[in-house]
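Comments concern the structure below.
By written order: A, B, C and D. Residues from 1 in each chain.
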Amino acid sequence: MKKINLSYIISLALSIFVALIIGALIMLINGKSPFIGYSALFSGAFGSKYNLATTFAKTVPLVLTGLGTAISFRSGIFNIGGEGQLYLGAFAAAYIGITFTSLPFFIGIPLAIIFGALVGGLYAFLPGILKVKYKIDEVITTIMLNTVAVLFTSFLVNYPFATTQGKMNGTEIIAQSYHLRRLVKLSTLNTSIFFMSFIAIVIYYLMEKTSIGYDFKMVGQNRMFARYGGINDKKQMLIAMVISGALCGMAGVFEVLGVHYRFLQSISPGYAWDGMLASLMAKNNPVGVVLMAIFLGALKTGSVSMENATSIPSELVMVIQAIIVLFIAGEAGFKDKFVLLNIKRKSKKAGETNA
Amino acid sequence: MAEKLIELKNISKQFPGVLANSNVNLTINKGEIHAIIGENGAGKTTLMNILYGLYEPTQGEIFIDGKKAVIKSPLDAIKQGIGMVHQHFMLLPSLSVAENVVLGSEPKKKKFFMDYDKAIEITKNLAQKYGFKVDPREKIEALSVGVQQRVEILKVLYRGADILILDEPTAVLTPQETDELFNVIRKLVSDMNKTVIIITHKLQEVLAISDRVSVMRQGKLIGTLPTQQADAKILTEMMVGKEVLFHDLHREKVSGEKVLEVKDIKAKDNRGLTVLNGVSFSLRAGEILGVAGVEGNGQSELVEVLTGLRNLEDGDYFINGKKITDVNPSNMRNLGISHVPEDRLTMGLSKEASLWENLLMGLQHKKPFVVKKIHLNKKKIFERTDNLIKEYDIRAIDRYMKVKKLSGGNMQKVVIAREFSFDSPILIIAQPTRGVDVGATEFIHNQIMRKRNEGAAILLVSAELDEIMRLSDRIITIYEGSITGEFKNKEVTKQTLGLYMTGKQNKLKGSEDN
Amino acid sequence: GCSSSKTQNGDSSEKTKVALVIAGGLGDRSFYDSAHEGVEKAKQDLGIEYKVYECRNDASLYNDQLVQASQYASIVAVVGYEFYDVVQEIAKEFPEVYYIYVDNEIEGIDNLITISYAENEGSFLAGALAAMLTKTNTIGMVGGMDIPVIRNFQVGYEAGAKYINKDIKVETIFAEDFEDPAKGKECATAIYSRGADIIFQVAGKTGEGVFEAAKEQGKYAIGVDTDQRYINPDVIVASMVKKVGQSIYDTIIKIQNNEIEKGKVIYYGLKEDGVGLGYGTDDMKQFVTDDMKAKLDEIKEMIVNGEIEVPTAK
Amino acid sequence: MKQMLKEIFNLTLLQHTIRTATPIILAALGGLLTQHTGMLNIGMEGMILLGAFFGVLGSYFFGSSLMGVLLASLVGVIIGLIFAIFVVELKSDEFIVAIAINMFASGLTVFLLRSIFGVKGAFSSPDIVPLPRVNFSFLENVNFLDKIFNNHSIFVYISWILVALIYIYLYKTPQGIWLRASGEYPEALLTAGVSAKKMKYKSSIYCGVLCGFAGAHLSLGYLTLFSENMSANRGFIAVAAIIFGKANPIMTFIAALMFGFFDALGIRLQVVGVPSQFTQMIPYIATIVALFIVTNRQLQKHKKSKGERELA
């Protein structure tokens, strides 16, 4: 068990390393210095208190959407609709924040979070029920519902809930009592990271340590077996879907309460997709999701500083990122191939000694 | 002196962590029927897969007709005239019989398009030539395993194989089907002078059909001997490495209450056809009721209905005299039913999951394995896991090992261990020893009998008449979804059962009319 | 990103450092590129050096890029209404840095000068021109998204057209996407097929498709933000230019000579020549006749001295 | 009211439908091949984008749209190969590989756009030779046929032909059977002496080429320019079409057309004054509704046929 994890970490590190080498080559070909590049990347991500804070600020939504993806994928129902759920959840929170302006923070904030999660969950319930009751592929429906949610919120913030001050396609600023405290000067890192950590621990506990998590896993691995064992597979899938949606909804909530203090028409640069990436790369393991989210967050902040500090254009940075992702995907394969080679070499020797 | 056809020279195969074959030297003579036996995981399939080009040996050479043969892929093997019928059928469910038979070298028209009519014709002719009854147009998914097996053999013959490898061909066959298969094999050898290698776990089959037999243990070839010089005892010892005693099962007198009863139940199969029309029987505590029947006559569906996996279209279902209205798996489990399903891989196990997870299924919501409603109590769970691994002697590295890495026999032990550990008053057991080696079979039979003697009510469905007759107290025969007869075990012969199983006789006429 | 290479050469010690922070990415051939021209011009004429910080419409980067820019430069040009909240926060954090915030209106922060354009006024002229050019009494507009800024173009455009011919039909479609030329083409085609013969595009890259449609249908189009005629002089008859670059350039000079009034909003309307029409270069075939231009100047005058009240979107 | 309907439902609606559907059809035809070999390819988004760029590149430098298409397909082959190597050979998760390909594509195209053409954002030029349009004179005398089916860009017609060809390939040729088998039960195919891996590679490469076509059509047939991320989610719509059409070429074709239709409808409804956010939702909601209806009908049919068998 532990052993496996270790070898996984090692081969993962190796593949990332190889990817970075290739990235270095690309930089050299374009006459840039990999050393300057990567040191900028690294210091940009972890160099100072501010950079570190920025990195973690980025990971908050990734962790939440990532865990959302993980829990649904592990249960064998594929929620690709995180983005839509995030938008609706975010708007829901903003709605609370601009409507119940007189609530004290200790009521208002939980209310906003719960309402956002609820809305996100409900929006995931729809494709969920379509899947288990009517056998309609959830991958399509969730993809479609993403666009619907984005357009719908866009309507809301441009008509009924349009702000009156400044040209902004967003809602009004939420009441002061809803603002989550910023933790580090200049960075958007805020107390939502504590909420996030708490939620992450809960989800980890749920997925790894409870009978519910066990049921999810069994349904995802072999529905027949789960049903045979007395698990209500459809119900489990539905629950997983709703939890998934709620998590993505919360990701949106915290963008509003902690970062923008209002709902913006384009509030998410595709967090849910990055979250999904994190989850896939971590094979839907909750701890892995958190680590991968931090990794992706660092990569994002780092690469921004990289393109500012050095003269390496953003698109090149993007290419390098793509290669890193690709090699992480290849990790398992590389390992297997490597192991097989070893076996061959060993047995060749053995053969010779035999003969 | 028979002439050598195939020579395997010190073949070894190393899988990550497992040495599946080590320095195997095996000679197959022209025109012989050569049996290979060994425990689950002994390396039989691996060896044959190497000969068929599916695995590349980590070491060793293959000679055919004295010439060194390079077999890097099944295609090479086919070119060498080798054909293999695999342990798990290699047929495409969504395609027709004909399409499957010609798969890989389809007849073409305008040298680009598939020529279906030709394919069907070819299949017809082949089938006639070897006396198989199959409809070339049928889709595979609609066929019984027995027929599927014939399709597999047709496939091999269509590719013009002179050497046939059959990996556990009889594991899923009924006695009748087995006899038919053996006749075909003999015909192939005598009339068409083909050579056959057959893997099986059933010694009486080995003795019945083979000319020579090779025994494998833990990847090594222990020895090869002419079948005349062999008997069950010798072979078992060679396989297991120690003596296995087949003393008769000790059967206690237990007379228990009627715990399970069904009256005139009906059910449909997945295609919506009625497969159970009006089945009635009852089951007492402390007895084993054997259900004898040719595969595909409704016994699978019967089991699924009783365990709540298939919905009950009509009829009454009583447990401990109480009528069950809501028949679903979790309900039936709570009512004290344990179930050993016929197909362990698709229903009995999660191959991707670890041993402990597979053994936990069904208890994950029950004290003491869960505390505070949802918290899994790993300590207790692992305790139980390790005990079961010991008690049922499951050969595994540790409790974290993925079940897919176990051999079939051990996979089956996992299912048995889990279901028996519930101490449920009712056990519904289907094909408990399919594809399982002698030692494991003996072990499992003992466990079943132990349960009976402890007073469990057991419904045993098996395609193996021997198994049924060895274990059952009572036997019912099922044919086309209806019970055709009921017998006290000692008072009936295989032959009679055969007649009732095939509908040639029927005690309870009239039960068919409704 | 790219342009930062310009920092490498030359001793950066005494040169004034300027940062250009944009919400989207360079290469839109309109708004952001225009801003880029401004700082580039400043580099040529005033010998400043600059870096561009692109946010590529990623809301999570607005703050970070602005911070990095503020740490680098003494003058930060912030382009995009999206920065409304962020720029106010950050400006307070860096009192020694001057912020030129383009495309919104904020007052009362000493080191923050906002530049607001009267798109509606410029669009009024565009509308008037379209109304003069159309032979079918139907004109159209393709907007990138149904958002305040774009609607501000829309109202001006319609008012302008109606001013010339009060029963003219104005068809407007929002593509709800700034990056899909194919969609832009379909929107335009739909409008043309309904009888319009000239379309005003306010849709970023999506607008490229409008020009394609115009070419295919042999109809007219009006460009936006920069003088886009060069993209296809045969169908793009004029452009409603928003002189972002110019205004940034001017403001940089003002700042350097301390002529700036602190914390004010600078309006760039027709009066200030911040918006207007571009007719391309003389080597291009001209569709707008001189008396049309005369008429347009006349209208401009009336707007400047308030005889014409141009509506604003909210 | 009647007038309004007239304004919406006219021939231009159908023209628009066909135009919008074509790139989706081309990509989806490729994607359904990989789908049959058991690989869901959401990397089509990036593959289309690359096709679009290299189409323009080829057409611009060689002054021939054919070269553009060739270059686009060549790149398609390479990307298809990469996808296959990672998914088939290294057993990587196809989602991750696809996501990587999408990132790679949007990065690389922007990079090359500037290093080759020296521009950012978008590149258009009179030197980009567009793909030819086709005009069937025999259609001209029937007005509505002429309007709907005439003088589209060549790939519109090619896409229709491809639907038929790929249908035949999949269901009427040995190769097609192997391709489907390699997804349904690779071991079975392997033991029949055909390499399932090879079929997966093939499908992935075909997919690359067809996405190359889709891209080239987008940048040389539909438009004559390249602009960053101009694939604008068509790859994902294609995925939806494939799942909708259960990877059957004809059903997928219909799904794509349907999507195109509702897209056209959406834009037209705007003209009669429905808020754009809602009109733009139409294709997406319509897809879900359609799915619901279709699957529901199937379920009903299933139940019914069960009943009939009962009687028999």
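What to note about this one:
Convention: a contact is a pair of C-beta atoms (placed from the backbone, for glycine too) under 8 Å apart; a residue touches a chain by one contact, two chains touch by 3 or more.
Keep in mind that this is a model prediction, so the values were computed, not measured.
Common partners of chain A and chain B, by the touch rule above, are D. With centres computed as the average of Cα coordinates, no chain lies farther from chain D than B. Taking each chain's centre as the average of its CA atoms, chain A and chain C sit 35 Å apart.
Here the spacing of chain B and chain D, counted between their Cα centres, is 45 Å. Rounded to whole angstrom, the centroid-to-centroid distance between chain A and chain D, based on C-alpha atoms, equals 28 Å. Computed from the mean C-alpha positions, the centre of chain B lies at a distance of 75 Å from the centre of chain C. For chain A, the set of residues touching two or more other chains reads 151, 154-155, 158, 313, 315. Of all residues in chain C, those touching 2 or more other chains are 2, 145-146, 176, listed in ascending order. Inter-chain contacts occur between A-B, A-C, A-D, B-D, C-D. Of all residues in chain A, those touching chain C in their complex are 50, 54, 57-58, 151, 154-155, 158, 162, 164, 166-169, 173, 185-188, 255, 259-262, 264-269, 271, 300-301, 304-305, 307-308, 311, 313-315. Across the complex, chain A meets chain D through its residues 130, 134-137, 139-141, 143-145, 147-148, 151-152, 154-155, 158-159, 273, 276-277, 280-281, 313, 315-319, 321-323, 325-326, 328-334, 336-337. Looking at the complex, you find that chain B touches chain D at residues 52, 54, 73-75, 78, 84, 86, 90-95, 99, 103-106, 108, 112-114, 155, 159, 268, 271-274. The touching residues of chain B, counted against chain A in their complex, run 10, 12, 14, 16, 23, 58-59, 307, 309, 329-330, 333-334, 339, 341, 346-353, 357, 360-362, 364-365, 370, 374-376, 400.
If you check the complex, the residues on chain D that touch chain A are 40, 86, 89-93, 95-97, 99-101, 103-104, 106-108, 110-111, 114, 236, 239-240, 243-244, 275, 277-278, 280-281, 284-285, 287-288, 291-292, 295-296, 299.
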